[in-house]
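Worksheet: one structure, shown below.
Letters are used for the chains, namely A, B, C and D, taken in the order the chains are written, and counting of residues starts over at 1 for each.
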Amino acid sequence: MTLFSPEQLATLESQSIELPSWAFGNSGTRFRVFGTEGTPRDVFEKVADAAEVNRLTGLAPSVALHIPWDKIDDYAALRRHAEDLGVALGTVNSNTFQDEDYKFGALTHEDDRIRNKAIAHHLECIDVMDATGSRDLKIWLAEGSNYPGQTDMRSRQDRLNDSLRQIYARLGENQRLVLEYKFFEPSFYHTDVPDWGTSYAQVATLGDRAMVCLDTGHHAPGTNIEFIVMQLLRLGKLGSFDFNSRFYADDDLIVGAADPFQLFRILVEVIRGGGLNNPDVAFMLDQCHNVEAKIPGQIRSVLNVQEMTARALLIDHDALSAAQRANDVLGAQAVFMDAFYTDVRPALAEWRESRGLPADPMAAYAASDYQATIEAQRVGGTQAGWGA
Amino acid sequence: MTLFSPEQLATLESQSIELPSWAFGNSGTRFRVFGTEGTPRDVFEKVADAAEVNRLTGLAPSVALHIPWDKIDDYAALRRHAEDLGVALGTVNSNTFQDEDYKFGALTHEDDRIRNKAIAHHLECIDVMDATGSRDLKIWLAEGSNYPGQTDMRSRQDRLNDSLRQIYARLGENQRLVLEYKFFEPSFYHTDVPDWGTSYAQVATLGDRAMVCLDTGHHAPGTNIEFIVMQLLRLGKLGSFDFNSRFYADDDLIVGAADPFQLFRILVEVIRGGGLNNPDVAFMLDQCHNVEAKIPGQIRSVLNVQEMTARALLIDHDALSAAQRANDVLGAQAVFMDAFYTDVRPALAEWRESRGLPADPMAAYAASDYQATIEAQRVGGTQAGWGA
Amino acid sequence: MTLFSPEQLATLESQSIELPSWAFGNSGTRFRVFGTEGTPRDVFEKVADAAEVNRLTGLAPSVALHIPWDKIDDYAALRRHAEDLGVALGTVNSNTFQDEDYKFGALTHEDDRIRNKAIAHHLECIDVMDATGSRDLKIWLAEGSNYPGQTDMRSRQDRLNDSLRQIYARLGENQRLVLEYKFFEPSFYHTDVPDWGTSYAQVATLGDRAMVCLDTGHHAPGTNIEFIVMQLLRLGKLGSFDFNSRFYADDDLIVGAADPFQLFRILVEVIRGGGLNNPDVAFMLDQCHNVEAKIPGQIRSVLNVQEMTARALLIDHDALSAAQRANDVLGAQAVFMDAFYTDVRPALAEWRESRGLPADPMAAYAASDYQATIEAQRVGGTQAGWGA
Amino acid sequence: MTLFSPEQLATLESQSIELPSWAFGNSGTRFRVFGTEGTPRDVFEKVADAAEVNRLTGLAPSVALHIPWDKIDDYAALRRHAEDLGVALGTVNSNTFQDEDYKFGALTHEDDRIRNKAIAHHLECIDVMDATGSRDLKIWLAEGSNYPGQTDMRSRQDRLNDSLRQIYARLGENQRLVLEYKFFEPSFYHTDVPDWGTSYAQVATLGDRAMVCLDTGHHAPGTNIEFIVMQLLRLGKLGSFDFNSRFYADDDLIVGAADPFQLFRILVEVIRGGGLNNPDVAFMLDQCHNVEAKIPGQIRSVLNVQEMTARALLIDHDALSAAQRANDVLGAQAVFMDAFYTDVRPALAEWRESRGLPADPMAAYAASDYQATIEAQRVGGTQAGWGA
């Protein structure tokens, strides 16, 4: 416990990481989606699983929804269900990539009928937000093209801007729009919002409540992601994170699993730029537990973010600044790495216990009967997944 | 016609490119598989579509099968069906990535029951080859892991070798095994056969009829693929190509669409190394027509290979060698690029007509009623796809 | 000649590509800089070589300077020298990467003394511009860090902005500042202007005469560069190109040599966005002729740009738009590729002759005695290179 | 101390990492080589600096030489100098990239005169090895080409093989040849030994004492390097490591600095495959301290390897195997990561002291007067660097 100051512990205590409802459903690759016992059949069961993650970690007080995967008739009932379980409903994610009409675009489509349909879908998402009390509408666009010449990229940009303006205009005064960018996939030649610059240029035309969403898996190989974190915080436009990790493409692995040091560097810049526990910057997971257990996968993920935040908080900023000012490269690096290499796990475990949480949430879950119960109960029906 | 010498035309006339049956079925990404009218419901219809490509181009006299997607009771009937349509049945592709048992491996699996099942699947594929008259068994392994530590990579290599030996032992004396490598996907941390070196080291232990399959989309960013073509031909181990193209990952776009000059360089090395019209080196497509029409997509693809082969044949080798020997960098490059920039299309169109083929196979297909017919006929049933 | 319309020929006739003075000096890698006979010893000889490229191609009417490599006492004399040879002095490039003081930064340096020195260097460059009649000040910053933690990226951004404002304020009303971005090198962890988004965000704060410079070799692997061209033109902030090509990193190869189709796509977007023969968008080469002859290397380069521009101009836009609107993927691609595969070289050769230029500028140079003359004359002295 | 078992400590005690003499000289990029006070002027001073690293860490008992950079008349004197300082002379590195003759190749050159000269250089290196008592001849080839068509890759492979055979034949019975591969640079289109497969295929034809050298910075983006470590150990052909780290290309940063977790994974596979403290597998650094202090840079580097080896040794292999066998993905990953996240530094510091070494070698160097002494003494002369 003496590892952390009271201020650092207060910071850690305030940390919250939103869970995506779809992380509890099945996911996979174009080659195969493997099912698992106990997988939720509907959004109520997804929220229950998310609440279990929060119960054991104290880190995940809200759940993001995906429309239409989580579309239901009575959002008020879902909201009560969530609140009963100690969590809130969070970001609403739109989906414009699974309707036949959207094969060649949605918010960028040349055909007004289709584009208006996609806009209407987003307005419907805002209706959901009104019902769930959600603040953020997150827009990830799968749109693009597979072949050079297939489409006119320039006019798509203009139509995108028009579509976003219409959606933005519908937002409530306490609601926001966050626009996610992605390097590639499912389009393989061009993507309409491929980089932070495009997302930034687009949202900058909308207004103060339009922000950029940074998914840590959506960059070109070698991209210095923490630089982008720094820049977007500096520009006042970092609206939210989608955390995951990757070795190759958008692998959607557990955050911190592929390159822990990268996660450390990202969190250092978050703290440096005032983005931690800043209501303007939402922390969220976006992952696919293709081969690992889903609920423990989410527990592991939020713990990874917590532990790495704790390491980042340990940087001795006075020593670091002094070494930086002196251009003492190795000295500065030593201060930086000292925080990374510090084993924060025992202190965090102790601190969790002091707050009435399990010292080891992974072990606590394994020792509980939650998994056995859901495997016994969730028989029949259709397991939730991306295709649903 | 005077563009090409009689020898060059003879070379072009002998060229054949095998079509994958699955190119005529639906494909997509993890986000969505879009269907299209007229899509085959079974392997007979796939073969019919492939035969149509061959009829219009004279370039595609065989069709590769994928087991179990193309599994049927009576392969003799399928063989007659194909022969009636003027094509042969070609390479048989195994599938060890869609059975629940294979979630954590197949030919590499630690559990003997599962590994033996995977071996048995390959022996069954050889049975199919016996019935179809196919020469090549192509093995692409989706196996690997998503997280460091998840599995022991070393012992998997050893088990893979043992599995391959058992499969190889079952081959007929005129049959071959070709082992494909892939950089990543569907595994996101390690792949059991990730690079040509691994495939080469594995097949080298099996025997003369075990070769490497090079899929042009299965490399790390920036890889000089034509170097690998050169090296495998030099080592006598280039067994076959899976042609496609890519901008990012294994995008499976139409061959030559993403980087035509790369295709040119590959074909130059094929010719340089004696790999063209060499029975030891099979040319095959492996593509996904996610957004474009499938039959025209295949026509376009084989024409791309033909046109680029024609360009590669036009290199003035005497001039090139002289410039190379003189270290005249720009002179050598000029000879090389002159062939690439020559417009071979008019001469090829004229030559096609002289052989009783349509000058423009794409236009001929559009003008035919084939597409309208299959769209009218192929109603009901389940469209073929990867999941079938 | 009938290949091109009069309008297209007029467009081609207006095309100009600025040559970098340093392309005529020696360059190399960290491993070795090889020298060549006839290499200029000073900027007057560089300008003479550049003028020779222009004399043979009619494409390169101006020469960019690099300060201090091209620093002299009497720029008026240099200007007269250039004009006598039929060329103008163009963009002035600053250099903040070779002074000992700049080891850890220049325009971003924490030490005001060093930062002010770097600002003063740019003001001196503007003095040069006043003397040479140059319009553009191009700033490429080598600044960054090699190790995480070495420096504070955020405050460097702020200091960079302040420095740029001071420089911008000194510009004459007909002068511009173009800020180049680069993915990495010579810094290996972070670069202060690593991507177009950062350059855009920085210059957007300065004013209308601050623009982004896009070097085609300064992107992450797989980046869709033509998308950025499209976006910057759309945003009105594409100030200039540094053309070259690459297989791996910032290889600085001859433009169009590594991926001709990429150059085609870029030029298509330039034309689409109104960037061709638009005074706001400067075309320039930035290459390293490490192993090939330098003057022919530059001739080859401007011809590559010209030929590819000619191909891009041949796109049948009506047919392309119709196919795009119909979501006819293969039809649109066919129109696009038809232009790329058209052999424009004979028509361009004929057209060159009609304008009094050599049909084949490469052959004309080889047949001239220019190279023999400079090899004989340029004996003694120090060959020009990056090291000044 | 109780963190490690006696066996683990014995393993750590046996660890040795060879230092490259050139790490103590100046290095840089093509843009600039910055000098530093106290830089050695000759190989005797380099060896002295290396010995200082060993004195403080006990980890670096040998120094690799680079010919001709370290070429002298009396190697016996150098050997005595080294032994007096407690270190040995190690691997001899050849250089075929700085002579004018080698502009277009050396061991692959088409001109027999040049190729024989390059072979003779390697024979001379073996003479040096005889004099220094070195075991390993390390060959890294800068050879390749910058433009497609520039050269014939295939015949270069054949000539390379012939050259290597001639060199191999000259080796003493206790000497080895290790062939390094590299993805790119200084060649930008093709490299004659670009990947482990090529190096493996080449050395496999030579004999048992020809092995592959794996430089951790010489791979394509995203390459799973530990897989290659595993495979080469499995094939019995991993001869040596060149350790460094990278974010982008061959950045040559301090080992473990860019991706500590990757270094961990590599060392896990080294241990798994029996490569640790195995005389067949040499550990060496190959780095460039462009901006950081050189001697502390080397101290930091060997400590990074030691610390990460210590973490890798802590893996609970029984628990890991059990989880792997059960396909408990998260369980296996937890065991793996537990070792990585354990803070081994205090135990290592204590253990160092118990062996008469400084607990903190970095602090010990800073507290010593070594740096001040060499800065005072090494005045005049020419600082060593790559060009020397």
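Note that a contact is a pair of C-beta atoms (placed from the backbone, for glycine too) under 8 Å apart; a residue touches a chain by one contact, two chains touch by 3 or more.
Please read these numbers as outputs of a predicted model, since none were measured by experiment.
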A-C against B-C, pair bridged by the larger set of C-beta contacts: A-C
For chain A placed onto chain B, the superposition rotation in degrees, Cα atoms, nearest 5: 180
Rounded Å distance between chain A and chain B, as computed from the means of their C-alpha atoms: 38
Inter-centroid spacing, chain C versus chain B (mean Cα positions, whole Å): 40
Touching two or more other chains - residue numbers and ranges from chain C: 103-104, 146-148, 150, 183-184, 189, 221-222, 224, 247-248, 257-258, 261, 291-292, 329, 333
Sites on chain C touched by chain A in the complex: 103-104, 110, 146-154, 157-158, 183-184, 189-191, 194-198, 200-201, 219-224, 226-228, 230-231, 233-235, 261, 265, 269, 272-273, 320-321, 324-325, 327, 329, 332-333, 335-337
Chain A contact footprint on chain D (complex, rising order): 221-222, 224, 247-248, 257, 259-262, 291-293, 296-297, 300, 307, 329-330, 333-334, 340-343, 345, 362
Interface residues, chain B side, partner chain A - complex: 27-32, 34-35, 97-98, 100, 103-104, 142, 145-148, 150, 183-186, 188-189, 221, 246-249, 251, 253-254, 257-258, 290-292, 386
